[in-house]
Every structure is written in structure tokens, then in C-alpha cells.
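Here it is, the structure, as C-alpha cells.
Each chain gets a letter, A, B, C and D, in the order it is written, and its residues are counted from 1.
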Amino acid sequence: MLQLVVGQLLNGIIVGTLYAIIALGVTLTFGITGIVNFALGAFMMLGAYVTWYLSDGAGVAYPIAVPLAVACIALLGLLVDQALFRFTRNNLINGLIVSIGLISVLVAVVLMIWTTTPQNMHYVLPGVFRVGGVIVPKMKAVVFVVLLLVILFTYGALTRTWAGRAAYAYAQKPEAAALMGVRTGVLQAGVAAYAAGLAGLGGGLYASLYSITPEIGSAYILKGVEAAILAGIGSIMGSFVGGIIIGVAEGVGSIFLPSAYNDAYGLVLLVLILLFKPAGLFANR
Amino acid sequence: MRQLSRSIGFIVVSIALASWTAAAGAQNVVKIGEIEAQTGPLNTYGWMSSQGMRMAVDEINKAGGFHVAGKTYKLELINPDTQGNPQQAVIQLKKMLEEDKVKYVFGPFLTNIFKGIEGYAKQHDGQFLLMGGATQIHYELGKPGNDYLMRTWNWDAGASGFGTLMVEYLRKKGVKKVAMLMQNDAFGHVAADIYREAFKSAGIGFEENWFEPGTKDYSAVLAKISAGKPDYLFPGYTDAVLYDIVQQATQLGLTKFWLVRGSLGPALKNKDYIDDYVAYIPKYFEEAEKSEPKVAKFIGDYKAFFKTKDFPYDQAPLCSSSCYDHVFMLVEAMKRAGTVDDVAKVKAALEGFTYDGLWKIRYDKTGEEIFNFDIVDVQKGGKISVTHEQPK
Amino acid sequence: MKHLLWIPLLAVPFVVHDNVVLTILVFTFIAGILAVSFNLVFGFTGQLSLFHAAAFGLSAYATYLSMIHLGISFWLGMIVGVLFVTLISVVIGAICFRFNLRELYFAIVTLAFSELIRLVILNWNSFTNGSLGINFTLTPTLWVPGRGVIPVTGTLMWYYLSLVAVALAVFGYSRIVHSWMGRCFASIRLNDELADTLGIDVFRYKLVSFVAGNIGAAIAGSLYSFYISYIDPNYFSLDQSLAIIAMALLGGREFVAAPIVGALVLTALPHVINVNAEARLLIYGLILILTILLMPRGIVGLLARQRRAA
Amino acid sequence: MLLEVRNLTKRFGGLTAVSDMSFALDEGDIVGIFGPNGSGKTTLLNLISGVYEPTAGQLVWQGRELAGCKPHRIAEAGIVKTFQNPQLFGELSVHDNIAIAGHLRLKRQAGWRRIATLFPLRGKASADLEPRIDHILRLCRLEAFRDAPAASLSYGGEKMLGVAMALMCEPRLLLLDEPGSGLGHDEIRNLDEVLRDLRAHGTTLCVIDHRVGFLGKLADRAIVIHHGAKIAEGPPDDVLRDHAVIEAYLGRSHA
């Protein structure tokens, strides 16, 4: 029993980091552009498809396919931001609707190219680690490490570099930051692209773990938004912890409770946390 | 606000026009309809079957149509996409029956679609045939007021049920305990109800686990299952979930699988990690392609028709080929009945013979299909053994 | 004046003898009730509720199950459904507004609640028949002068039933919106702190608006489920809520009846343009995007502006 | 006694914005509260109007404890405040802004009967607000802008509308936060008239200003606060001669 719980704790943490990478994108875009971009889920889906296509279709080695996919998605994110989201800055509802429309468009495109038959990438790194009866698939461990590094890097970049501080300052007080010479337009575009890139990375790594269908985006964006919110939107490390909280809640929850309610455990936590801390766990207000 | 009324009026008219123009059709054409989800999370069956029908209709028309009572007819296929949404299905079916005057409708495979259209379809009992694969249809067959219904798939349970034979196959292997891991949706529950009984009567232990459709990471529930040490895992239907379940199950030491819906794909991808994978496959194309010329021809035609190099071996058996057969079988029945619009006669004809196409298909007296199928057993390393079953 | 626009709708069945068009309109009217009531909460009070689809589904279940288990008529069942939804909405609304959840937070928490309700309905097999859904064996009845009490069957009867329902909904909601209470809603939407210092009980009127909106959804739910005569947990899906938002936006947020136009377009679209599913999905997405970017005031807003300009 | 403020204190974290403030207002008083910028005047008003919850102390309103009540309860009790930089429903017309402010009047007049007016055949309850709205529009010289969107008003106009909305609430105690700041001469005179009219109708006024402008003449009692504490209270002329006050304004050297 214990090893079952420990195993799911680990698994929950790993699955959680996949939510976290989306949550991170959500938090960044919200902080800088004032909208919640639900299309990040679709970007993740695209990232998965592109990675799969590059490695299984075009025969690019997986470690190279992923960065390529990330670059593509980041570029796409940039284009979409300039073409659409530039006009919905700081308008939550409009941004939401546009991103939902964008989801339909992207899914439609994927359907036209790859149909709905689930795609499965070759196994990049089969096999598992066994530690005292606790089983962790090797690839999952890799995914966890990569995502963790990226999240830490993002945190560092935002707190240590000028651009990062500019972003932070902007998120706190847009006018002031603008006065201090932060070039708003560039900043927003950059963050949009970066968030898209994060989603693309999530997708690229996802492809090595699960089968790919056009619907995968929706589940992950919901979990991502949940994570970002229960952590307190705007907090980098918060979104990380938030993702893990949801992942663990699902993993451990479905050991003791009926697995059919899997999705509920995260939601219940979310509601409870918001009721006792309406701005989220890590919110600084 | 008057603008509002004007715009409403405008759109109403445009809809009307659109549907009327759609209603206009040529003579000597037999319209056949299809109500299936060709997109959406559960579209595999609908998508594949619509492919099969498109091929069949094209072949028949290319061959100059068919002759009934001295007249030559061509087929016109009307297959909108329900997207798995009952509301759309209702409207589409109404359009078929009332405007396009379609008398033969194939589908649906999805239970919620069937439930959605059933109320309306009943009102047209006797005026058309609905030939669908949805498991729920089984429970409606033969009831008064349901003469319009036929079911185009083997039924799991019962004497000639393929499920019974599948369980029997497992019992012969000396299996004591099976753990089911099913989608928590309509078919999932139907399957649970059927196989709970089937395994009980075969004296095999049966344990139920459920997951939300859309789940990707099953390791939690799988870990829980493997703690119970079952002999075989009975994973959900559709490949969308099978690939993930099989991979994650093998990682956790669950290496034996038994399934009644879904393809061999997951087994072949994980052939080095599984020990045994028993699947119900309506027809094992990889083998049949070599042994049966008809099948080889079909595969060739498929590649030509859809301009693709690779034939979806794992998906095709699910239905595209069975629906391909159904069109030919329907045409044959019309010939035998000597009419294209007397639904009752055509139905009687359908039930009156065995069609020998890719499949050997016949209907039982309730209007449910019985066809031969294969039990494919994949061993570690990908060694495959096939058992051909011909239900009585 | 604007009531005149109902007259062409009354006449439609005499002009258009086409069941498909009428069916599309029936779905449009029912969806219209849904969108109009949603717009009370969203467009007029400024609260983005994602609970609307849940209210719709809950009432559908409550109506049918109460008819089965209490042996009451459809109309009583609908009242049960409405009361039940009212009760749930009061609880959920009170929680959200008492803890002063705003914008995104409100949206997500209401979404969370509807997801939880969906999961309960989905897994409470003994009572709701779970994912298999329920096939209705009962039909609503109506007293028609000269013909007595008759069951509501056939597209034509449903057409008029749903037309009356949506007309009543529009009438009722415009009474609210153009009253002192509508002004309270507007003040909350525009500047709730100021409203507070002017003596308006923000909590109370947010709650009133939320509940009033969900009641509309409840009525729509009972009608819809009996028209399709089938319910399953998909009624609660997020897509439903999103479709409702799309209708309200496409029609126009600032007029009570405008969302009906959005409902018409989105209901009719799949059947007017005959393209494959992928293309249809593409078009749907483009419509949403272009509406926001090119006509944020919606179709009716656009027409209204043109009229003012002319 | 109308309102009694007892040892009112507000701390934000370490900062004490208002400390141990006590004073009383009688029916019909016009009290000016003076103090340099950042001396805690606005915070004091926000405490009285319930925008902030006091850290300590009481607000006794006609013998009833108000501290901790929500703003709308306090407004209903009869205390209404205007904002230093005007708060409006920008996209609504001037008339509608005032009409919204009529909510309390409606509530007092119609009570629960106002629910009935939602149903057909019962007339609009807001109808009987109109004469009052017109009166206030005239009083505040806003008739010309009746149907203009509030956002289109000049700064002075916006401040006037703020006062007009406060009047529509029919307060027994009106708290004005720097009503004069940023106004031109005519606008000041107009404001002065409005306030005198209020006094004539016996409305109690509590006006804060950082400088002793026209209020000096209007107020019949002045309270000077500095660093959140009361340093002087009494007739304006005496108070403004007080050493502490001069110090607070001009610094020690001039004392």
C-alpha cells in the first residue's frame, strides 16, 4: 500500500509538471497581456503533432525534433499574438473568445492534415526505474527533469535579467514600467511567443509519453488554468506548485477514491483554496 | 430592432433555400444516408464506416449502377457529420427522411446519437430502415413499432454472441481473474453489463474499474489494479485509449490483455513488453490479404480510392469494410425484393439470405447481424495466431 | 414597437412548410432562451458565469426524474426543475459572491461547480442512469382550445411552444433590464465600488442576477430535453457553455433579444453551409474570432449602429 | 447627537493612517476637516463611509454602532460620501447616473413593493424619481448635459455630478472629499451655492480640504488633523491661528 501511495505521489508530481508548464504560460500571458489564452492547450497539441511528425515522419532525431517543434510553436504564437491577441489586450472576455475560436481553427487544421486516428510516436526511451517496488518509467523521469529545469530557468530569467524585471515591473504597474522605458509592444509579443514555446515544449515531451489526438489540448489547458488560479495567477513558482498539487491530487486521489471521479479532486481543491484564499495560495495580495 | 426582424427573416429564407436546393434530386437514383460522427473524440467507427460506404457507392455507380425490375438505378450517398451531437443528428435525419426522401439510413454507432434520434425515427416506423451498430439498438430490436431498426454488428452476448466465444477462449486458457478498465461512458457501461454476466457464468472473477474519457495517464488506476494481481486486463474500447493503457500497463507489470473492441496496433507496438494480447477482430486483414483475393482487391481499391500508400490495417476491420459490404448487401436485397422503395420487402429480403462479401453476413430474425470473425492472439515478440469463428 | 418583430415569426410556419427549417428554429428558440438568460448575467451584470450549461442540464434531469418519481405533469415537473436550479444557484452564487470572486476567478469556480455536478450525475448510475442517459417515455401535454388536453408532438406544436417560451423570456428579462433593478445590474457591471457607496447591495443584486439568469436556463433545459426526449451528461459539457457565450457575443451583448440572432446563426450554420466537418469547425472558429475583432457589439449592435448612422 | 466618532484608528501594516480620532457631529453642522496632504483626511472619510474597516474605535450613528458595516449599509443609514477624483458610470448618461443613485430613495419610498413594479401593468417605479432628478440637475447646473454620457463631462462637471449623485441618495450626513479641488471660480461658486442650499435644508456636512479655501467661510467648525491625529478643533478663524496648525502647514520656523 505504501509503495502504491509513494508511486502515485511521484507520478502525480511528474504529471503535474506537464500541467505546470501550461500553467506557467497561462500566468505569464495573463500577467503581461491581461488575457487568459486558452489556445495554449491547442499549441501544446500542435507541439506534440509537430514533434511526432518530425521524428517519425521526417526522421529527425527526437532530441532535435523537440527544440524544432518548440521553435515552430513559439513562432506561431508570435504570429497569432500579432494578428489577433494584439487587439484584445487586457480584455479578458474578448481574449477568451478569440482563443476559443483559435482552438477550433487549429484543431480543424490538424484534422485536415492528420485526421482523428490517434498517432503514436516510437518509444524514445523505453523501460522503467525500479526503486524498492516503486516504478517510474525512464521517459517520465526525463520529462520531469527537463520541465523542472525550464521552469527554474524561467524563474531565474524573470528575476535576474533586465528583460525579466521589466516584465515583472510591467505586470505590477504597466504605466510606470512604460515610463521607465519598457517597450510594451515588444515585451507583450515576446511573452506571448515564450508562453507558446512553453506549451510547444510541453507538447513535444507529451508526445514521448502518450498517444496524440486533436482533443488532448482541452484537458491540459483546463488543468493548466486550474493550476495557475489555485496558485494565484501571476506567481511563477506558484503555477509550478499548483500543477503538482493537481497532479498529486489526481494520482493519490484515485487510489483511495473511485477513479471515475479523477477530474473532480483537483476541482474540489481549487474551490476550497479559492474560498479560503480568494486570490490563490501564493498571491501576494 | 426592426433590423433584427429583417436579419432573422433573411437567415430563415436562406436556410429554406439551402435545404430546398438540397432536396432537388435526379430520377432513378436510390438515396442512402449515413448518420455518423466523422469528427470528435469517438469518431473512429463513424469515420471508417463512411469511408467504406463512399468506396462501395463509387464502385457500384462506376459499374453503371444496378438493375431492379428492369430499371437501372444509381446510388447517391448523403452522409453528414453528427459530430457526436444528438441535436445535429436529429436535424440531419429529418432532412434525410423528409426532404431527400431517403429510405435506407446506415448508422449510428454511437449510443447517445441513437438515443437522440430514436424518438423521431420511431414516428417514421415502416417508412425507412435504420441500420446501425450502436449496442443500444440490440435492446430495441424486435419490439413493436421498431420495424425500422436493424443492427449491423455481431452481438456480444447470447448463444451466437462473439463475446461468449471470446470468454470461452479465455476460460480454455485457465484464466481465473480478469480486471476491466473501461471508459465511463455509454458503451463502457453496456460492455460492463454484458461481460459481468459472461464471466460470471464462465466462472471467471471480474473486477470493474472506470476512467473519464479523455484520460491519458492511467498509471494511478493501473497501479491499483496490478496490486490485485489479475490474470488478464480487459482495457477500454477504441485505440485512442488502448495504446496508452497497454503501454502504461506493461510498465507496471500487467502484460496480458483481452479485448472485444479495438485493434492489434497496441499489441504490435508493445510486442516486446506484452505476454499475451487476445483481441476480437472482425477480420484479420494482414492474413486475409494473402489468403482471400476479395480482401486483396479491397485493399488495393482502398489505396487507389483514397490515394494513400498505407492501408489502415488496424482501423479498417472496425467497420469501413463491413459498411462496404452492407451497401452491396442492400443493393442485392433490393434486386431480390424487386423494388427500391418498398422498405418492408427489402427488409424481408435482407433477412432472407447470407451475403458472401469480405464477410459472410446474415441477419437473425430480430434483424441483428451475425458474421464470421477472428480471434487474434498476439504473443510476446509479436507471434500471432488466428482462430476463425463462425457463430451459429 | 419592437414587439412587432414577433409577428413574422408567428407567420413563418404558414410561409415555410419545411420541417427542417422549423426544427432548426425550434432549436434556435430554445437556445435563444438559454443565450438571452445568460446575457442577463454576462452582458448586463458583467459576470462571466460558466454555470449556465449546468443549470440547463440540472433542470432537464430534475424535471424528468420528478415526473417519473412523483408522477406529476410536465409543467409541474418544470416548476420542480426551476425551483431546484434556483436553490442550487442561490447556494453557489452566495458562495462565489460572498467570497467576492471576480472575473476569471468567478468563471473558473462556476466552471468547477458545473464539472462537479456533471461528475455526480455521470456516476450516480442508480438514479440518473449515468452515462447511458435517459430515454424519455413521457411527453408534455397542453390544453388547446377546442381540442382539450393533447400531448405536444410534431414540429409545429413545438415551434409555437418554444416561440411563446422565448417571447416570454425576452419580455420578462427586458422588464428586469429596463427597470430599477436593471440599473442596479448596470451599476455593478460598470463600477461596483461606486454602486456600493451609493447604497446598492452589490452582493444581493449579483445573486439576484445569477439566479434569474439560471432560471431561464432551467426552463430552456426542460423544454430542450423533452423536445429531444433524451438526456445524458453531455448536457453539462464545457462546449455547451462556450456555445452559449458565442451566441450572446455574436448576437450582441447590449440588447435583451439580440442573443437570439446569435443562437439562430450558430444553430443554422452547420445545416446551411454544406461542407465537411473540418471545414465547418474552421468556419465556426473564424466566426468567433472575426466577431470579436470586427464587430464586438455583435450582429445586432452592428445593425443598430448602422441605423444610427443612417 | 448625529454621529459620534470614538477613538477611531486605522493601521495599514505598520503605518498608522488615523490614530485615536474622536469628534462629534450634530444635526445641521457644517464641519471642515483640514490638514496637509497625506494627513489622513481621506482615510478618515473612508472609515466613516465604510470603505475601510477601522482597526479600532467606534462610529456611533444616532446611538447605533456602524463600525464594520458595509458601505451600502452605511449609505442606507444616511451617510454618503463623494470621491476626491470623481467616480462615475462613464458610459451611462448623466441622467442615468443620478437615477442609479436614486436607488435608496426608491427603496425608502416603495420598500418591497418595488419588486411588484417588475411585473407588467404596474408602471415604472422609477417614474417618481424623475422630478427629483430634474430638480438636482437644475440645482447642480447639469440640465444641459442631461443625456450626455458622464465620461464626456469636464472635470468640474464630473465633480458636480458626483455631488449630484450624493444628493440623490438624500443623505443626512454628506461627506465631501476635496469638492473644491480642480474647480474654476464659477464652478466653486456653484458648488458653494449647492452646499448652502443643503445647509438650508438642514443636511449635515463634513467637508475635507487640504487648504482653507472657500470652506473657511462656509464651515462653522474646523477640525485640523496632522499625521492622522487631531491637533485642533474649534471655530475656523481661531483654529487657523493656532500654533500647531501653522506648524503643520508651514513648518516649525514660522511658529
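Please note the rule applied: contacts are C-beta pairs under 8 Å (C-beta built on N, C-alpha and C of every residue); 3 or more make two chains touch, one makes a residue touch a chain.
The shown structure was predicted, so the numbers you read here are calculated from the model rather than taken from an experiment.
In summary, the chains found to touch both subunit A and subunit B are C.
When chain centres are taken as C-alpha averages, the shortest distance to the whole-protein C-alpha average belongs to C.
Among the other chains, D has the CA centre that is most remote from the centre of subunit A.
Put simply, the C-alpha centre of subunit B and that of subunit D have 74 angstrom between them. Between the Cα centres of subunit A and subunit D there is a gap of 49 Å. Taking the mean of the C-alpha atoms as each chain's centre, subunit B and subunit C sit 35 Å apart. Averaged C-alpha coordinates give centres for subunit A and subunit C that are 32 Å from one another.
Residue positions of subunit D touching 2 or more other chains: none. Across the assembly, subunit B contributes 39, 184, 210 as residues in contact with two or more other chains. In subunit C, the residues that touch at least two other chains are 122-123, 277-278, 281.
In summary, the structure contains touching chain pairs A-B, A-C, B-C, C-D. In the complex of the two chains, the subunit D residues touching subunit C come out as 49, 51, 70-72, 75-76, 80-81, 83, 87-92, 96, 99-104, 106-107, 114, 117-120, 124-126, 165, 169. Of all residues in subunit C, those touching subunit B in their complex are 1-2, 4-5, 8-9, 12, 16, 18-21, 23-25, 27, 122-123, 125, 130-133, 135-136, 228-230, 232, 234, 255, 257-258, 260-261, 264-265, 268, 270-274, 276-278, 280-281, 299-300, 303-304, 306-307.
Those residues of subunit A whose C-beta lies close enough to touch subunit B in the complex are 1, 4, 7-8, 11-12, 15, 111, 115-118, 120, 126, 128, 135, 137, 209-211, 213, 215-216, 218-219, 250-255, 258-260, 262-263.
The touching residues of subunit A, counted against subunit C in their complex, run 30, 36, 84, 87-88, 92-94, 96-98, 100-109, 111-112, 218, 222, 225-226, 229, 233, 258, 260-261, 263-264, 267-268, 270-271, 274-275, 278. Across the complex, subunit B meets subunit C through its residues 1-5, 7-9, 11-12, 14-16, 18-20, 22, 38-39, 80-81, 83, 86-88, 90-92, 94-95, 98-99, 111-112, 115-116, 118-119, 136, 184-186, 188-190, 210.
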